[in-house]
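Going by the order they are written in, the chains are A, B, C and D; count residues from 1 in each one.
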Amino acid sequence: MKKTSFGMVGGGLGSFIGDVHRHGAMIDDLAALRAGCFSRSREKSLETARAWDIPEDRVYGTFQEMADRESARDDGIDFVTVATPNSSHYEIAKYFLEKNIHVMCDKPVTMTVEQAEDLKRIAEERKLLFAVSYAYTGYPVIRQARRMIEDGIIGRMLYVRAGHPEDWVISSVPEEPAGNLPWRFDPNVAGESLCCADLGTHAEQLIEQFTGLTIRRVLAKFNTWPAYLPLETNVTALLDLGDGITGELWASQIAIGKECSPYIYVVGTKGALEWNHEKPDILKYTELNGPTQLLSAGRDYMGAESRSITRVAAGHHEGYFEVFGNIYRPFCENLLALKEGKAYEGLSYPTIREGLNGMKFIHACVESEKRGNIWIDL
Amino acid sequence: MKKTSFGMVGGGLGSFIGDVHRHGAMIDDLAALRAGCFSRSREKSLETARAWDIPEDRVYGTFQEMADRESARDDGIDFVTVATPNSSHYEIAKYFLEKNIHVMCDKPVTMTVEQAEDLKRIAEERKLLFAVSYAYTGYPVIRQARRMIEDGIIGRMLYVRAGHPEDWVISSVPEEPAGNLPWRFDPNVAGESLCCADLGTHAEQLIEQFTGLTIRRVLAKFNTWPAYLPLETNVTALLDLGDGITGELWASQIAIGKECSPYIYVVGTKGALEWNHEKPDILKYTELNGPTQLLSAGRDYMGAESRSITRVAAGHHEGYFEVFGNIYRPFCENLLALKEGKAYEGLSYPTIREGLNGMKFIHACVESEKRGNIWIDL
Amino acid sequence: MKKTSFGMVGGGLGSFIGDVHRHGAMIDDLAALRAGCFSRSREKSLETARAWDIPEDRVYGTFQEMADRESARDDGIDFVTVATPNSSHYEIAKYFLEKNIHVMCDKPVTMTVEQAEDLKRIAEERKLLFAVSYAYTGYPVIRQARRMIEDGIIGRMLYVRAGHPEDWVISSVPEEPAGNLPWRFDPNVAGESLCCADLGTHAEQLIEQFTGLTIRRVLAKFNTWPAYLPLETNVTALLDLGDGITGELWASQIAIGKECSPYIYVVGTKGALEWNHEKPDILKYTELNGPTQLLSAGRDYMGAESRSITRVAAGHHEGYFEVFGNIYRPFCENLLALKEGKAYEGLSYPTIREGLNGMKFIHACVESEKRGNIWIDL
Amino acid sequence: MKKTSFGMVGGGLGSFIGDVHRHGAMIDDLAALRAGCFSRSREKSLETARAWDIPEDRVYGTFQEMADRESARDDGIDFVTVATPNSSHYEIAKYFLEKNIHVMCDKPVTMTVEQAEDLKRIAEERKLLFAVSYAYTGYPVIRQARRMIEDGIIGRMLYVRAGHPEDWVISSVPEEPAGNLPWRFDPNVAGESLCCADLGTHAEQLIEQFTGLTIRRVLAKFNTWPAYLPLETNVTALLDLGDGITGELWASQIAIGKECSPYIYVVGTKGALEWNHEKPDILKYTELNGPTQLLSAGRDYMGAESRSITRVAAGHHEGYFEVFGNIYRPFCENLLALKEGKAYEGLSYPTIREGLNGMKFIHACVESEKRGNIWIDL
């Protein structure tokens, strides 16, 4: 039983996402956190390192120093987790790639389509792994849905509805301007989109993982509330998924009553599949003219792929930490195979390809809105 | 306690909708069925009349004869219920209006916007009542939602999502052409739209009744399955509801897993309201940053208006027959007030105004689809 | 198409249950209300008669007069509906039976086991029909469950849980005594039990209709709240259903959060069935080691028996009025067959046999509680 | 930021519960696994140790050796986690206590009431901590319920229903005997009860944690299926919770359709609270005559105690690993306080007191069943 080792940029004590990455990485004993530049302040980084049993000599003041020195060590980290605000992903990921260190990066992966294309190119040239932590697609029943669709269970797909509504902006941002806003609201740090980037990409990725389809064109309408915000907080988009399949996508940060409710519904000529994060272990399947069936993660009737990432007995629950684990597991297994020169035949996971698709989706939505809600190619 | 009397065109034995109208009309003892032209065959009409205790001399071979003779009787019917296929609504309703007989008509009310405008004009000129049987909006909690919105409970409205998915076409129509299809699939009888007319108008009316908003513009995308059908079976529409409020509407006849699931979600600056026909007695209300509350029809905390049309104790159920009753009740009360020369101050109900809005909605959706999914004014 | 005619004792204007009986009887055009003694006051009875189009000469001051005169008419009523408080059921039903008039009676059918046995004996001797209006068991999916169980779908039954929780007493009765209480709280009118009689019998009957099993023994524990009430408001009972099958039954009038939530769960060696009145059109079925399936009333996969009492398309709703109709329909069909001297082969319905079982259940629960929660035979 | 160190007896590679303990212990960085006797085979223990980065010199062939040598080390473990079958808990826990090592033990804590009393006595005499891993009560909303009840939100409690149905026995054990059964089915290893011990104690503890009440008397009825099993697989119990509060408890291993569904419903004079493991982040609260409210873990309206153990934003999910963490967290904090000589004022957790209550509950149920379903004091 081998393990990978990794470092983290960002995500120190007090950062929620850092904890999630760390536990997601550790949950299957496939990765050990050995180095870090957890904060802009080395003092805070050291404090984090002490809490997490990381030796002082592998705590770095800058990510460049970390990449330089870790890549020079015999026992240097295999990969880096980038858990910083959006605007710095590109620079950091690129730097590590160029030191031949594999990357696990938060989403959205960059600020622009071009940056994502650049990262993709570098990773491919250097044969480096690049994973993007689209966590919600990590639930086992989403794998099951994909397999059922590929096996033709619902026939030819006709129509897709997916979304990711939350209420965090309307719940926390005052109606009238009052002091500074967090980085996500600042176009210089967050990029050209707020809601598309933060939540729309989760829905876009959910469609891709669940159905295997890729969005070809979008027609998007934005709303912004509170009204003074510089970026949108609600997005409704029509989707062209190719082959005559259309769809609709809703992302919202003002959806009172929806705390974190990604969902998807797909209908084909022979049946339909539906999933909602509110009961994340359940996949609803309806055969044409049959009763709706509630497929439950971990049962023997679920496929091997889905069961392979279910850690608990059916009826028990896995949550946010575990689905991060479900991104880290295949990534680490792929990395171990690579290190041993073996072919990797395990589960897929979101990579820079999916990260790039997300950037194209964001940009096309922004363009569609700017140009009066017309269809824009991705 | 007074009663109105009515006749029915269409809706004879074997017609589901005829039974629903009849029971909806009778449920509050405000209307008695006294005459009819239930079928094109007088024999079948007579059979229906016998089953329903209607004297033979008030059974008619044609609707014209019925209108002529009933309007000539001292005890002639007060109103007619038009329960025939869409294409004949206009001709029939017009004929009765011109004999000064009030009208209750199925939806969609006509084949074209112009016809609906014509009926509206005639009814207004003659001061006749004209109700349209949009049944699903008859649930008591929908009245409650409207009142809460008007009382400012959810603040200024921001965004609306509504729909009416069913699976009846995909469940019953073969993938490949096989013999004749029912009238709904024939553009000559059904009009320029299948799904918009059949189900989209229910969702459109649900938005209007629930929120009080009227759709100003639509941008619609159609799908058609089975592919050989001449009219659409799935509609996705972006909505402009005025004052910066936008929305999305989904109507489908191919939504496997959704048997009859009209729904609506409305978010405002202070809260959100949500309803789904799957639990039609429950209204979900979430105050900004508060827990979601499940408001149940018939409880004392519900408003007087909502309670006035709840016939059973909370937790008991009312269904399709009773919501038809909730259209008939205010219509009959209005009619009784009119007959007595009194002002009517009771509940509102869908009228030819709402019927006309429905026709405009259908036509705008068809136009938007034809012109490549652009915004079309209603 | 023939019809029965009936009269009603009790249930006049202002009585909720009278309206429910009347509409339940009329919904399938199998019964017409032709006579009545709707109230102790003839004046109020006449008012009711006027509202319901019943001729004055068939409105009676006493139930005896009604039975005497209707039984003497050629066109006298076929059956009487008894919709009065519990304490008068016996006397009224007996009087009508002795005039050879069939009976539809509210539950609990009498005050004592002996009275119910007496009515059963009289009805059997005179070959008269005697139905008891256990409404909640009228939902189509309950028929479906019974058929599935009889077909062996869930194997040999092992264990049953059923209940009928409501909150009406705790919601409406003050914690401290304050003036007179309604008749249901008076042992002289209600009998020896409040909650067992009012709601426990519904749960008992639900078990019988759903499973075909009869309760053999009970062991019951009572609670009473508000504490000054003379009769119990919450009942928990262990059940012996014969053949080693055991169960549990809960009836409550103090179950805050449960408005009217009869439910049942039955597990057998090969599967389980579950129903809850909160979604009354849905039957949950789980095959051993399979996914839970949601069977929906009205779909083609439902059995003929269940579909025969479904009046609306799947996904639409039927409620309290319609399930009363589902008691009246087979009762009236049986009556029509009897009048024509034909064998009745239609659906079953709750009769005086089930009414008697209910009385035995109530009495056994009261005895068990009195004697310190021991097993009592029914 | 200090950490505790611990060892584990049992729970090696291949053991599900070992992984759960390990991750539960680590999730808040309050405990590090430093030693173990993970299996009867030292070879397998060493394999586990390698996978988990535990030095070879702290892997032991017997638990006695582990206790002896760890208690002799300066850096010896603070506590031991006992994750072995029921029959060995007593011997192991006692041995470690006598070496002054604190204990975290699986439930049920012993085989007999006397053994649990003995452990309680030893722990108290030596002022050692003794936690019992009743995981399901670790959900944050259960803390919230307890606080609301203590604050009088639902008034005086009247009645409680709780249970823990699963389907694992009926899903996995053949109807007819076929080879050897796992240890849980063997009275010599599992003790005098199967279902009460395995699942009933979870429900019993859920009542205690949720309400603060302790069961005073039980009256229990057992079922056994498959019929040849030596111990019961389904338990229904009436509960006396003191002060006139009664309740009902159901535990089942044959509940097809219920995968792992602990639940509780508590009604008081002013309101009711309800929780079901199927949506573990949600607490249902209904004020008398008010709408049901869905309280969601992590929202600001939840109390500080509940929020202190919520690691994710509202709407995200925590599951089985995290609730183990919620037992480990207060236990470790208590231990750290003890080591520093400080008073512990943090959250409570299940201790040997609760473990002993569980044993009394099991024994009283077994006695009640043996003696014909009569009330037995705990």
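Note that in this section a residue touches a chain if its C-beta (ideal position, glycine included) is under 8 Å from a C-beta of that chain, and two chains touch if they have at least 3 such contacts.
Every value quoted in this text rests on a predicted model; they were computed, and no experiment measured them.
Using the average of C-alpha coordinates as each chain's centre, D ends up farthest from subunit B. Across B-C and B-D, the chain pair carrying more C-beta contacts is B-C.
Centroids of subunit C and subunit D (each the mean of its C-alpha atoms) stand 43 Å apart. If you average the CA atoms of subunit B and of subunit D, the two centres end up 55 Å from each other. The geometric centre of subunit B is 35 Å away from that of subunit C, both derived from CA atoms.
Shared interface positions of subunit A, defined as residues touching 2 or more other chains, are 289, 292, 296, 299.
In the complex of the two chains, the subunit C residues touching subunit B come out as 1, 16, 19, 23, 26-27, 29, 32, 50-53, 166, 168, 258-261, 277-280, 296, 299, 311-322. Those residues of subunit A lying in contact with subunit B across their complex are 158-159, 161, 170-171, 175, 219, 221, 223, 225, 234, 236, 238, 244, 246-248, 250, 252, 254-257, 265, 267-269, 271-272, 274, 284, 286-289, 292, 372-375. In the complex of the two chains, the subunit D residues touching subunit B come out as 285, 289-296, 299-301.
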